[in-house]
Structures are given as C-alpha cells and as structure tokens.
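Dropping the structure in here first, questions after.
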Amino acid sequence: MTASTSSVAAVMSGPAGRRGWRARLTAWRVPLSILALCLLPWLLPSQALAVNVLIYGLVAVGYNLLFGYTGLLSFGHAAFFGTGAYATGIAIGQFGVPWYAAIALGILAGGALAFVIGLLSIRTRGIYFSMVTLALSQLVYYTALQASSWTGGENGLRGFTVAKLDLFGWTIDFLDPLKKYYVLMVFAVAALWLVSRILNSPFGAVLEAIRENETRARACGYDVERSKLISFTLSGLICALAGTLSALHLAIVPLDILHYHTSGMIVMMTLLGGAGSFFGPFIGALAFLLMEDVVSLWTSHWQIVVGGVFILFVLFLPKGIWGTALSWRAGR
Amino acid sequence: MDAELIAMQLFSGVALGAILIMVALGLSIIFGMLGVVNFAHGALFMVGAYAGLWVASLTGSFWWGLLIAPVAIGAFGMLIERFLIRPLYKRSVDDPLLLTFGLGYVLVEAVRIIFGSDGIPFQTPPELSGVADLGIGFFPIYRLFVVAVVAVILLLLWLGLEKTKFGLIVRAGAKDPQIMRVLGIDISKVWLLVFGLGIGLTALGGVLAAPMRNVNPEMGSLVLAEAFVVTVIGGMGSLVGAIVAGLLVGVAISMTALFAPEMATIVMFALMALVLLVRPHGLFGKPVRG
Amino acid sequence: MTKESKGLPFLTRRATLAGLAAGGATLAMPGILRAQGETIRIGFPTPLTGPFAAEAKDQVKSAELAVKLVNDKGGIAGRKVELLVRDDKLNAGEAATRTLELIEKDKVHAIVGALSSAVQLAVNEVTRARGVIYVSISQSDTINEIKDFSRFTFHEALNPHMTTAAVAKHTFKPGSKVAYLVADYAYGHEMLRGFKRAQAAIGATSVGEILHPFGAADYSTFMPRLRSMRPDILCICNFGRDQANAIKQAVDFGMNRQSKIVVPVLLHNQRLAIGPEAFEGVIGGANYYWGLEDTIPAAKTFNDAFKAANGGAYPTDYGAYGFTGVSSLLLAIEKAGGTDTDKVIAALEELKYDVAKGPQHYRKCDHQSVQSVLVLESKKKAEMKNEADLFKVLATEPASETILRSCSELGFPA
Amino acid sequence: MTAPLLAVENIGRRFGGFVALEGVTAAFEPNKVTAIIGPNGAGKSTFFNVLSGVLPPSSGSIRFKGRDITGTAQHRFAHLGIARSYQITNIFPELSVHENVRVAAQAFRARYDILRNRASMHELDDKADAALAAVGLTARREATAKFLAHGQQRALEIAIALAADPELLLLDEPTAGMGPEETKDMVALLERLAADRTILLVEHKMKMILGLSDRILVLHHGRLIADGSPQHIQTDPEVRRVYLGQNDGYA
C-alpha cells in the first residue's frame, strides 16, 4: 500500500510550477492546513471532537512520516503518543513544572523512547519490524500499568488539570473550549510546518528513496539504517507532541493510550485518509472520528461499520480518501 | 517451594501451551505459505468457540461441537481467503495485514450482535469434568483431555505433512513458493486449503478453550497477542518453532506465576523482545531478505 | 423506552417530604422557575460497547425509569428532565471527551454515570475543573480519598472497603485460613486491603496472597499454589470477566471442595453469563438484588416500576445504581428548587433518601453514600425458582458509617 | 603500468559450507572496460557484490586507489567513487525519472539535512539533468519511473549510477532482457561512457563484450581461470573447455 500511494509524493519532489495545480497545492499546503484547522471547530458537531481531530490528526501526521514516507509499518506508535502524555502529566502534577516546559519534556521523553525503540527495531525487516514494535510498545504498556505510583496504573493519571495558561503576562482561560482549541492548534500547526519542511528537505527525498527501494538507496550512498532511525525518532517526536496536547486537553492520561489498539487506530486513520500524502492523515483522523461519533449515536455496534469501511478501503481504495481524490483529479 | 509444586506448575504450563500451540500453528502456517499476517486470527478463535457452543447447544453434545465447528470455521476461512485476501496478493505485504485487522473488528461486533456482548456459559462436558490425581497433585481432567487432543492433532498434522502429497507440496511451498510454479501446481488452490487449515486449527483451539475460559466476544484479543508472541519467538512460518515456542511461553508464564505472579503477562512480551533482539527472525525462522 | 404511563405514584414520598421539610424552596418560588422552564439535562456516559455493555444497558434502563417517573408527575417545578446517554466505550479518554461534549455542547446541568474506576476518575477530573455536579456510580476507594476529592462529586456506588468489610463480617470466622487471589491493579489492591483489615479485626489468618495480571484469561497457573495453601476461604479479588474466569477455573481445579469461594462483588450479569454450576455456593457483596422486595417496600416499588417499563425484566445490581444515582440527584434538584450548583450540592449533602434499597445519605466529608450492603450466595440450579432467581440474601449489613473508612483516614480535616 | 584504481587480492567468499568465490586476485587500471564472464553459478554475482560492498569478503582484501577498503559499509562505497547498476531493474518506481537521478546525486551533498528546501538546490537538478542527457532520457524527465519502457528503465538504471559521478562503474548485465535495437543503443552509451571512466561489467552477450572490452576475466566455480585481452580469451583452451556445449553464453 505504501508504494501505491506515493505518486502524490513523486509530484511534490518536482520543481514547483511544472505540474500546475498539484505543485501549487504543495506550495500552499501549510497555509491551507491552517485555514482548515481554524474553521474546524465551527464545522464539527462539538469542540471536543475538533480537539480530538487535531490531536489524532497530528499523531497520524507523525505516523505517516514513518509509514507513508519511509515505508515502515510500525505497530507501536501508541508508546510515543502515550509517553508524551504521561511525561507532561507527571511533570505538571508531580513536579509543578509550568505547562510549556511540560510540553517540552513530553516531546523529549517520547522522542527519547522512540530513539531507543527505533534503535532496537530497525534492525529487523518487514513483518518482524511490525512485530518488534508491537512487542516493545506492549512492554511500555505493562510497565505503565505496574508503575502505578507514577502513572496511576489502570486508574489513569490525573491531578494535573491546567485551568489557566500564563505566558508573558497574558492569561488564557484554558477551560474555554474554543480558546483551548486555538492554543493547541498553534502547536499542531508548528508541527505541520516542520513536517512540511522535512518533506521538502533533502532528507525527505532520502526517506522516499528508502521507501521506494532500500537496496538502491543504500547503493546510492545512503546509510539506510541511520536514516530510518532518524525518521523513526522524528515520527516519535511528533506523536509525543500530540500526546502532550492530549494530556493538556483531557486533563487525564488513560492507560489505554499505550495499548496496541491505539496503535491500530493510528494506522487505520492514516490509511483511511491516504498514507504518503500530506493532507491524508488529517482527513483520515477526521473521517474516522466523525464516523465513530455519528455511528455510535444511532447504534452501539459502530465497530462493525468502522471495520467494514476499513476493509472496503483496503480492498478498493488503498490510496485512502485524499490519495484517491488526487488520482481522480489527475485522471490516472 | 517443594518439588511437587514445581512439577505441577510445569504441567499447567504445558497445558496452557497446548492452546497457544493450536492458535500459533495456524498463524504460522498461513504466514509461512501465504506471507499473510492474519490479525483476525484471534477473532476467528473466538468465532470458533461460539460456533462450537452453538453446535453443542443444537445437538446437545460437546463432541459434535468439537467436530463440526472447526471444519465449518475452516470453510469460512477459505471464503475469507478467496474473496478478501486473494485480491491483495499482488500488493504490498502490509495490505492483507491491514485487511485482517479490520476483519477482526467486524467479526467481534458481528458476534456481539448475534450472541450478545455478555458472554455465554460453556459447561465442561460431564464426562470430562472433575479432577484427576496425578500423584504430584490434582489436575482437571478436562485440561488433560486438551493436552491429549492437541498431541493427537500434532501427530495427525505431522503425518499429513510427511506422508501425503499435499503435505509434500506444503513443505516445498513453505521453503520456496517459486518451486510450485515450476512444478505446475495450482498455488491458489493450495493457499486456499492452507488458509482453511490454519483457521480450522485456531477454531479448534477456541472450542477447546471454551469450557475453561467461558465464551465472550473479547476472548480472542488476548489470545491474538499471545499467539503473535509465540509465532515470533518460534520464527514466523516455522511449525516446529510454533510448537516449541508455545510450550516455552506456557512454561515461562506458569513459572513466573509461581515466583512473580503479577509479571505473568509482561514476561511473555519481554521474552519476545529478547528473542528478537538476539535472533531477529525467531528461534526457528528463516532470515527475511530484502 | 416505552411511553406507557401507568400513573405510578412517585416512589419516595418519605424522601420528598424530607426534602420539602428541609428546603422548602420549591414552594417558595415556583413561579420564577416555571417561567424559566428550561429542561433539566443530565449527561449519562456509560460503556454501551465493550465487556460491560449488559450492565451499561441496565444502568440506562434504570436511569431512564428514574427520569420518567419524575416527568410523569410533571417534572421538577415545571421543568422536564432529559437524560443524554453517551457511549464511553469503557475507555477513560473517550469518557473524558464525551463528558466535555456533554458540558460544553449539550450544556448539561449534571453528570451521572461511569462503570469503571478509571472512567469514573476521568469524569471526576473533568467535572471538578468545570464545577459540574457528578454522581458517580462505579466502585472505587481511590475516589473517596482527598487527592481526587471534588466537592461537585457524589459517590452513589458502594466502595471496595465497605463491600469487603460487609462480606468478611459474614464469612470470616476467628481462626479461618484465608487465601487471596488479587488482580494487580488499584481496584484489586483496594479489595485486598479491605479484606485484610476485616480479617485482622475478626481474628482470621492469611495463608497467602497471589497477585495476578489484570485482564488475564487463564488462572490455571495460580491454582496449584492456591491449593497447596489449603485455605478455608478463597477470596478472589477481581471483577467482571476476570472474576468469572477465576471462579470457573478454581472450580475446575476442585478448589470449591476444599474452600469456600468468596468475592467482594457478586455480579448479576456475570452470574448469568457463566451459569449456576460454576458459581454454586459462591458468596459475595452487592448493592442491590431484586429479592430485597420481600423485606424492603421501596425495592418492591422499584422492581414493579422497572418490570412494567421493561417487559417484565428484573432490575440488576449495577442497573440499580442508575436508578438510585439519578433519583438522588433529582430529589436534590427538587429540594434546591432548581439547578443552581451550590444549592444542589447543599441539598445532596442534606438529603436522606430511600428509593430502592432502604435509607441512604451522602456523608459530608467525602460525599460517599452511606447505604446497606447485601451479602449474597449464589443458588444451586435446582433451587432457582425462575431465570432471575440467582441469589440467596445471606445478610444485609445496615447503612452505617462504621463500615467506611473515617474522614480523617481519607485525609479530610476533622 | 599506471597505478591500479581497484585491486583485489586473494578474495574469497563462503556461504556456510558453500564456496562461492576463492582466491581471486586482479587489478584494474583506470579508464578501461573490463568484462567478467563465466557460466551460470560461476561466482560473477558474488564477485560483483563483494566489489560493491554488498557482501564483505570472507577472506582477502580490496584496495581502492591504494586504500584498503575491505569491510567498509556498503553505503560508503558510493562515497568512495564506486557506483553500480543491477541486473534486475532496480530503480525508485514511484518517483519521477528526474527525482530518481537527483536523489542519487544528492547523496554526496545532503543526507540528513531536514531544514533546507531541496527545490533550491539547483546544482543537483543540473547534475541529474546532465546524467539524464547522457543516457538520452531528457524527454522523459517528468515521467513516473515505473511507466518507462524496459530499455528506458535500464538506461535510468545507468543514469542513477552516473549521478554519483563515479570513478569506477560496476554494471551488472546492462543489456539484460533487451531486444537488438535497445542493445545497440546501450552499447553506444557504454562506449561513450568508457572514454573517461573505469567500467567493470558482467555480461552474457559475447559479441558485445568482445567489441567493447579492453580486458576479460573468466570465472568458473568461483575461481579466476583466465584473464586477458578479448583475443587472448577467445583462444584460451581452458575457457573453451568450460564453455563447450554452453550455447547460452554465446547468444
């Protein structure tokens, strides 16, 4: 699936202007994302849902860097998402660290874990890579369950509600859902900008080369393992950021955030929207959460609908919503 | 700790491993032959248990459930291979994995709709209930029966693989899929049967587990994780690996249960991580090239 | 829910009278409130999907019954009551999101619900920060402690401490040898702590404790060791599926021949799911059992109303929480004469209610509902008179603060 | 004699008990075309894989420009100035033709740079365009690589190797699967390249090798059995014996 979704990516690497609308779309992708995110809370049924789309969209964007652009199917990204959240919650709740420093700590903790898990897992290939990431992330899950004096165990982490944000003499009411959304959005946008930069950078080209043909990339003179490790770590950093935002938003960290079901959900969202495309992950998160929200209002059997839709996508629209839309427009 | 207790503990580890082997074997056969990582394997284990229960309640006999359900679910597995997985062979190896992941969701929810989300009692068949005195301690007769059934299945499987033409093809195909094309064998038919066999085995595991663990829609979730651990430790695609690792994990869990019981789940994943770091392709697996 | 209106009298005339006597606000300014006429909205997050879906559905039915009974008699001061049910999927993160939605978008006046310790603590955190009243209906000791205290939160459910105290009182004897199989998470540890305190008070002895991983499917590996401890009583301190599987496998290993199996909470729906054979003779605590109707009039009234509204089905233990939780809240709103948060809190703190299981009230310091604890024994199949005739009521531990931890022990200033 | 660009000494390679290569010693002078031939299973691929760093030799040493590079990581070989192409087309299928070559050229400029915009690195575009021009693919610059015809993909394969501007070019059957017309184009391309580069190639097409090579090495059962000019090899009795009855070698 990773290979088939990347004609989008091929276009991006060409010099701007040569491919008309697609190149323009690429050039404007960050401003367009900002615009869409600004409108999001006004378009969705609730602001809490908008924040969730923001957070899960960001996780999926981080995940996409590894899965969509580097071609590595990790089943352990819940570990970085969760570690970011736990580190932020613990920093605020147990050490009284200010919120912005707690965000930084959360990112660092999740990134450090990603580096370690990456170091251990990128030596394996293919399906084994998926399995090792799954196993290591489950170890993190059970560790969090056992270390209940730090994490709250199965009860989850609590007691770090941030009601007001103080910054440069300004005070923002963080309980106001709309203000909260826009504050969190600033961080998400910064991450999106960074991802866009990475994709446009020389390193972005290396990742795509590795995804397309690892052997050849190595023959061309790239240290494939090292590049994968960097990609893995960057991906983990972004997921960790999403985790810190989730902690600030919910004011709790549920243990489930570390479970492999969360990893599976991240994979599903990314695929649903379109792996290997810039907008895909966000669109996937939006579609997934909206579907779950709407379907669960009229039936408690929402899982059969979500699972069924996912199967249909794998079978018939492997490029995901956005990837398919792009190919239609391109007439291919 | 006295020796009798340790011996009992070892024995319960083996009994635990027996169910793990049933599930992991199917997972491993399917991966070895088709290159498909079946994420719906746990869900099909659960579906097998429900099917066994349903047949048993219709016929009034556990034995019919034990006989019919695995065959029926194996046939259902063939339908899955034919209509959902076959279209994906030309694509990336990730696609069947993702599809079966979605399929797991659908199967669990379908069972909730049909049988309710609560779980259903599954009584141990009266002729197998009660405990037996093993000399070192007491052990449920039913669990002894499970070990025996699994041993018989393994024996049949071994005979089938070693002594039949189909077995020859499967063994050759697991080593090198290319060779079947050369020999002019219709691979798609073999794959269909292998997938059905793998699913039948996990369904049998489900029926066997039902009288011990009751039946509920989520029973496959933990089993899937355990089966992955076993298959990865043994080496994906290796049948001997699945058997050895199944016993290894069973005994590891039971020994941890004796000395550090709260670590009994974590030990499984730690063992898996350790094996992978030392031997990335598992104890009996072949290295992946690429 | 069916719309049939049988003109049932409001269940708790006594409670209503108590409310009127204490507050009197309803009579004083009904005009203003009626003019307002805004619907009273109560958010109800509960795990409609997942392993406790059956309990959740019972909770919803019971909560809807409580709302219907109030609406049938014209609402509260002319305001209708609406129950907004949301699926929390037994996931704390999901529950927090749904609660935020209920507060921010649906502008609910209060929240009732949750069915696990983690979910309950998550909802507690969200409502505490936003000053929204929350009636929690799930068991936990943690939530009683000062660290998680919210003055907006009231605990309608039993907690592990009181349940284990009651169960131990009626099962442990001086000199009993007790072995424990405990789920290794907060709730399991809380139950163990409760039992051990009671054990010390009674003069029984512990012959061993085994912690098992939370959510395990197979308990066979613990059985040889438990057997070798030769206990008189085997206390299985876990919940739901874990409990069902642990009991079943203990019976498979013949543990029930050598020991009495005791659990803190005996679940109605788990007993239905596993069958009478495995549970035969198992003793455990409960907040409610429909069989109470023989001795308690309020139970009879509740059972009849529930059966009338739900095609003859009997209410269950966790279901009853939905009824008692929502009813107590509505009584307090009525007493406070509206949905003003501080007034409703004051009313809840003063409230004496008896809506289903005998007298209850919320303790002032931690807002724990002081109530009776039933000690039940699972019946033999042969003794069951009908499908719902599951348990024998061995004892009813009366509502009293003596089986609760003291306020100072929980960290509240004296 | 000029100093050799590449020299291998007593190279051996085993796979478990199987000896794929044994005691191969040879030196390669700059700006020469050397062909490596031998029947199937002679060890040509293994030899190529050792020379390009894919497999470390089990014994012996490799010197490049006088420096011992035995055991160097594969990706370092490109940086030393050794580039290779593959027998089975080995390109980046979903990337554009231009990007295929550009990313190869980039390996020497920026590998872990995440902050610059690669669109502004014009010298890489120019380098890629030059390599594309050299193999005659300029017209297909924007096409997605997987949509190219087979012959064009083989040319792209060479262009990717050329983007590194290597001193030593290792070509593994550059004309594999090509028709006569495409082969002719490829030979012309190789002749142009041979002017200022050292080329080692594995080939089966004898006519082509005889016309193109300055020197031929013959491997058999992992051993070097002949080494010399095309004329010399044609008359070598040992080579004739090895190839007797093996028509496929003379296609």
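As written, the chain order gives the labels A, B, C and D, with residue 1 at the start of each chain.
What we mean here is this: a residue touches a chain if its C-beta (ideal position, glycine included) is under 8 Å from a C-beta of that chain, and two chains touch if they have at least 3 such contacts.
Everything numeric in this text was worked out from a predicted model, so none of it was measured.
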(request) Assuming chain A simply isn't there, give the groups of remaining chains that still touch in a chain of contacts. (result) B, C | D
(request) Would you mind checking which chain's C-alpha centre is most distant from the centre of chain C? (result) D
(message) Can you compute the centre-to-centre distance for chain B and chain D, using the mean CA position of each chain? Integer Å is fine.
(response) 48
(request) Calculate how many whole Å lie between the centre of chain A and the centre of chain B, each centre taken as the average of the chain's C-alpha atoms. (result) 33
(request) Express in whole angstrom the distance between the two chain centres, defined as the mean CA positions of chain C and chain D. (result) 76
(request) Find the geometric centre of each of chain A and chain D from their Cα atoms only, then give the gap between the two centres in Å, rounded to an integer. (result) 41
(message) Residues touching two or more other chains, restricted to chain C: which are they?
(response) 49, 53, 184
(message) Quick check on chain D: which residues sit in contact with 2+ other chains?
(response) none
(request) Would you mind listing the residues of chain A that make contact with two or more other chains? (result) 3-4, 146, 215, 301, 303
(request) State which pairs of chains touch, listing all of them. (result) A-B, A-C, A-D, B-C
(request) Using the touch rule from the top, collect the residues of chain A that touch chain C in their complex. (result) 45-49, 52, 145-146, 148, 152-156, 158-159, 161, 163, 175, 177, 246, 250-252, 254-257, 296, 300-303
(request) Write out the stretch or stretches of chain C touching chain A in their complex. (result) 48-49, 53, 87, 91-93, 96-98, 100-101, 104-105, 117-118, 121-122, 124-126, 128-130, 140, 142, 147-148, 184-187, 214
(request) Would you mind writing out the residues of chain A in touch with chain D in their complex? (result) 3-4, 6-7, 9-11, 13-16, 18-19, 197-198, 200-206, 208-209, 212-213, 215-224, 226-227, 230, 234
(message) Show me the residue ranges of chain C that touch chain B in the complex, using the header's touch definition.
(response) 49-51, 53-54, 184, 210-213, 215-218, 220-225, 227-228, 241, 244-245, 248-249, 252-254, 269, 272-275, 277-278
(message) If we count contacts the way the header does, which residues on chain A are in touch with chain B in the complex?
(response) 1-4, 73, 120, 123-128, 130-132, 134-136, 138-139, 142-143, 146, 214-215, 260, 264, 267-268, 271, 301, 303-304, 306-308, 310-311, 314-315, 318
